[in-house]
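Next come two complexes, and both contain subunit A; in the first it sits with subunit B, in the second with subunit C.
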Partner chain A sequence: MSARAPRTESGPRRFAGFRALLSRSDAVRGYVLISPTFIVMTALMVAPVAMAVVYSLWTQSYLDIDKTLTLSNYAEATTERMYRVLLGRSLMISGLVTLVTVGLAYPMAYFVAFHVKRNKLIWLIMITVPFWTSYLLRVFAWKIILGFNGVVNSGLKGLGLIDQPLQFLLYNPTSVVITLAHAWAAFAILPIYVSLEKIDRSLLEAATDLGDGPVRRFLRVTLPLSLPGIIAASLIIFIPTVGDYVTPALVGGAEGRMIANIIQAQFGKANNWPLGAAIAISTMAVVTVISLAYVWLTRKATERIA
Partner chain B sequence: MTDDTPFIAIDRVSKSFGPVVAVDDVTISIRRGEFFSLLGPSGCGKTTLLRMISGFETPTAGEIHIDGNPMSAVLPHERPTNMVFQNYAIFPHLDVRGNIAYGLRKHRLSKAEVDQRVGDTLDMVKLSGFENRRATQLSGGQRQRVALARALIMRPKVLLLDEPLAALDKKLRENMQLELRSLQQSVGITFILVTHDQEEALTMSDRIAVMSEGRVEQIASPGELYESPNCRNVASFIGVMNFIDGTVRGLQGKFAIVETAALGQLKAPVAGPFVVPDAPVVVGVRPEKLLLSDCSPEGGANGIAGTVTNAAYYGESTYFYVDVEGCEEPFIVSTKNDLRDTSRQKPPPGRIWMSWRDESMVLLPPE
Partner chain C sequence: MKDVSYIHRPNRPLAVYAILYLGFLYLPVLFLPLFSFNDATTIAFPLKGFTLRWYEQLAEIPALHGALLNSLKVGAVTAVVSTFLGIFAAKAVTRYTAPGLRPAMAIIMVPLVIPEVILGTALLILVVQLGMELSLVSITVGHIIVTVPFAVAMLISRFEGFDKSMEEASSDLGENAWWTFWRVTFPLVFPGILASLLVTFTISFDEFIMAFFLSGTETTLPVYMWSQLRFPARLPSVLALGALILLASFFVVTFAEWIRRRGVSRSQPGL
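What follows is the complex of A and B.
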């Protein structure tokens, strides 16, 4: 032990070595500091995913699990037409949700970042107000708004604009997109706001000074510099919504059913955990590939613009 | 390079932000090809005035003409001006080439032409070979050069510089002062520099406008400004000056007889129409125009005895603070350390004499 090791008389002797280590090594201190988070993450994220991987390599034989390792579940998950259709539809819906949400969130974030001079915090808190109610309640709210006798239909009927309630409002992919876009709005606004807020205002003046009008300046300076926010917002929305099953179950109808609904069914009614796990892992892989490709493409695209 | 027709005419320009008047009825004419500085303490309105020339602020009253054209209806991105920003405002998502070529986009040049002009401009600011560096990989001095190149490549009629050297360390700043000056002379573009650093303004400018509280106090060449300031503000903002209150007793040709409480009668050159008999005036003398000696000066030279209470050693010179009976403020005397004599670090003991010539004094209007 080094002579410099701090030793207090009150402290138990057996901790002295550890304490000396702690005071000398930044790395050890770092690991000690992250250990609570690290343990929680391992227990709640790595372990379940590892279990899902293991399960996906087993097979269900009626009530028992056949524990011989096989890739047959993956063969089924990737070749069966229904799973492909559902995965494709999930990606479509989530992509659309991402597009709509980011598209609507950007102007809002831009407004708060550039045009709200005082009380920005109040604006930001107001953006999070919808989150003060539960996710389920918000989905149900849209059911009430879009439903057969819902707010929109009875409103239009009351105005005499339609005789019969509009059927296309609820229980289809559109209603899933609307509901998800609303549910995830704040997750898009906040990262975009942060990236816009960080932009040094003198950069915008420099662009103007060098001859750019407002539109060109936006495309060449503001947009590329807010790209990290856009990418973050897109991933925050796209990744979880692909796996969302509550919203499609409640407002999607048969047409709006997504891949997570079938995964849930495998773990529930169908009682085929291995297949469910294989579909889940395949979906995860596809989402990962799409996300990485997206990040790469956006980076490349902005290099072009600028 | 310069001629007498105003190239930039700032005509009775005012700017207020709510109740605060930032620029108050300022009129300045700047010649073509001139290196013009706006000098003043922070908050004097110099940056606001520069931003009105660039178009980022709109005057509340008055008009700015550049090369004969009124600017009030011209948007900032269409003005024939370019700016070097105080923090340089280098685009962090672009490399050096991207930053410098940024403004060329609207000129619709071919890639070869752009490369040519970027290369030439980089040569000019001595940054050749840095084309592909990211903004984040540059030092403060290099960023400053990129900002300068980015503005110069546009070949503006006027280059505006907002405290461009404030963020650099002292040595680099002194080098850049000389470099900027020679660069300006070689490109022949009119430069307008905003600075609070009097040394910077004196070394670089053809003419300087000293501003204070939104108004222009004096517009003159560096030498004139230093040797013949027109008020106490200018005199004390540029360099150091000793002030003695007095009253004019009479005029003798180009000289005025001034009665002072501490120094008796002085004979100082008349500086303006405010010097009339019985008018209160302030007599000013620069520290380096006072001579220190052990005995009373011979002949008719002005002299007064005092004791040195403090010494500020600057290496090449020492500032002595001399207490004189009857004066509240100590006199400041600067002496050149022309001998290798370290005794100048400390105040000399005992009484000491200061002497100066009549022509060394400046008469200023009272506050």
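What follows is the complex of A and C.
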């Protein structure tokens, strides 16, 4: 191309364009390198979700699928009282789980970031390991602990503190919150830890030198700077837990049923896939709107503080 | 040293809290192995006596062995594919800066923030609409979606940890890109790759929701366990199986975390 360039009117400009491309070849290489992963992942997410959207516009008529496009599934998903109650409850439970998990995790992350000196590696490994291991089993463990004949009840009975097993331990929203706060702990600790670890320690010294006490220093320097970690932790817990159905199915009981249990039922016993798809997509839409609003609000809040 | 100490002053209440929190993380799970050795079908205190019969029972269930084999197959393929995809993405974002790379990366990480029940049912619809059979292949595809973000995150922390000038030296000395990768980059990031393989294998091996929706006649171990939870009489042997899985996962993942985090510098704490 460079050899041909002088022949044409626009030659110098074309040559410049080629030079620019060469200097940007790093960028091109970057695009080439990321494209296999990007294309595979996009295809694997977009194709199924697009198909689910189409499917949600069809209707189930006994054993057949009526392929006339209609919004009737969405009408049912948004107006039927049961679905609204379950979605509202799922959002409540997940919001509470997020609050509890992040609240409990923050001091832990703070401890590892600021007070652990020599064995940081061991602490990080100990925090990380449980969350790579079986989710199903970790949830099931709570059923054993809180159950009618579970660890807590049989333990209290053995100590003579109660005569009858406590029934309020299992099969309610509280047991779902406890179980999820346990299952998702590492997801909260690690992002917060990373953001705390990145804080420049000299900023803390500066705040102290300028007369801030420990509490003011924490509120004005440490906490705002760790906000990205808190936001990441919140989203990474809130969004997946709204769609969790293992925990409500095992420890939730009737009162603790969540929206994912209904979605699963539509794909199972109820056998109304189009309605199931419509509920799933409405749920995803609601969760996305809430998450975006949360990110926007926290950004605004930080701007006002800063 | 003194001017730092007032920030890093030992904080005993915080240390106590951290240890209690670790207890909260680990204790509940320890009840599974505890009751798997208990000589009674009901899961309750007081313990009745020590037995290994629940473990012996495991050897006599053919359905379990089939499920175990399926899980190993799905896990192995998932681990190799998602780590392979992870290497490309991690290398792209740690080596090159270009507009669009970060957004592309954000899209690759999206499965972290989509409820699995939605991805699982959507994939189920697609597979059925395309007229394909639900099989171990559909489970594997589901698992790849779930594991790629983790593979990418783990590999990034490793790729960031080493000196770019080593690669440049190699190409300056006349190696082409292919040999530079195999003789310089690969040995440097190998711990990250190994850790990614082990962790993605474990995630797949333990994954339930995707496998539940995408299973055909052949299922994986977690789906098999789920089907057994309905039968109270089977519970002790499910606990025994669970204890074995937890133990294996624990060792594999501890090893993976150890090789991954060792040598990653403090300034890049990673996921």
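Going forward, the second predicted complex is superposed on the first by the 270 of 306 C-alpha atoms of A that agree within 3 Å, B and C clash if a C-alpha of one lies under 4 Å from a C-alpha of the other, contacts with A are read in each partner's own complex, and residues count from 1 in each chain.
By definition in this document, contacts are C-beta pairs under 8 Å (C-beta built on N, C-alpha and C of every residue); 3 or more make two chains touch, one makes a residue touch a chain.
The structure presented is a predicted model; accordingly, all values stated were derived computationally and were not measured.
Novice: For the three-chain arrangement built by superposition, which of subunit B and subunit C touches the greater number of subunit A residues?
Specialist: C
Novice: Once the shared chain is lined up, is A:Asp66 touching subunit B (first), subunit C (second), both, or neither of them?
Specialist: A:Asp66: touches no partner chain.
Novice: Answer with first, second, both or neither: which of subunit B and subunit C does A:His182 touch in the superposed model?
Specialist: A:His182 sits against subunit C, while subunit B stays out of touch.
Novice: Quick check for you: in the superposed arrangement, does A:Glu255 touch first (subunit B), second (subunit C), both or neither?
Specialist: neither
Novice: Considering only touches as defined above, state whether A:Glu205 meets subunit B (first), subunit C (second), both or neither.
Specialist: In the superposition, A:Glu205 contacts both subunit B and subunit C.
Novice: In the overlaid three-chain picture, which partner chain does A:Trp273 touch, first (subunit B) or second (subunit C), both, or neither?
Specialist: A:Trp273 sits against subunit C, while subunit B stays out of touch.
Novice: After the superposition on A, what does A:Pro224 contact: first (subunit B), second (subunit C), both or neither?
Specialist: first
Novice: Looking at subunit A, which of its residues have contacts with both subunit B and subunit C?
Specialist: In subunit A, positions 205, 208 sit in both the subunit B and subunit C interfaces.
Novice: In the complex of these two chains, what residues of subunit A are touching subunit B?
Specialist: 200, 202-203, 205-213, 217, 220-221, 224-225, 302, 306
Novice: Show which residues of subunit C lie in contact with subunit A when the two form their complex.
Specialist: Spelled out, the residues of subunit C in touch with subunit A are 3-4, 6-8, 10-11, 14-15, 17-18, 21-22, 24-26, 28-29, 31-32, 35, 42-46, 85-86, 88-89, 91-93, 95-101, 104-105, 107-108, 110-119, 121-126, 129, 141, 144-145, 148, 152, 199, 202-203, 206-209, 213, 222, 225-226, 229, 242, 245-246, 249-250, 253-254, 256-258, 261-262, 266, 269-271.
Novice: Taking the touch rule as given, give the residues of subunit B at its contact with subunit A in the complex, in rising order.
Specialist: The touching residues are 54, 56, 75-78, 81-83, 85-87, 89, 91-94, 98, 102-103, 105-106, 150-151, 154.
Novice: Mind pulling up the subunit A residues that touch subunit C in the complex?
Specialist: 24, 26-31, 33-34, 36-38, 40-42, 44-45, 47-49, 51-52, 55, 104, 107-108, 110-112, 114-115, 117, 120-121, 123-130, 132-138, 140-142, 144-145, 147, 149-151, 153-155, 158, 182, 185-186, 190-191, 193-194, 197-198, 201, 204-205, 208, 235-236, 239-240, 242-246, 250, 260, 263-264, 267, 273, 276-277, 280-281, 283-284, 287, 291
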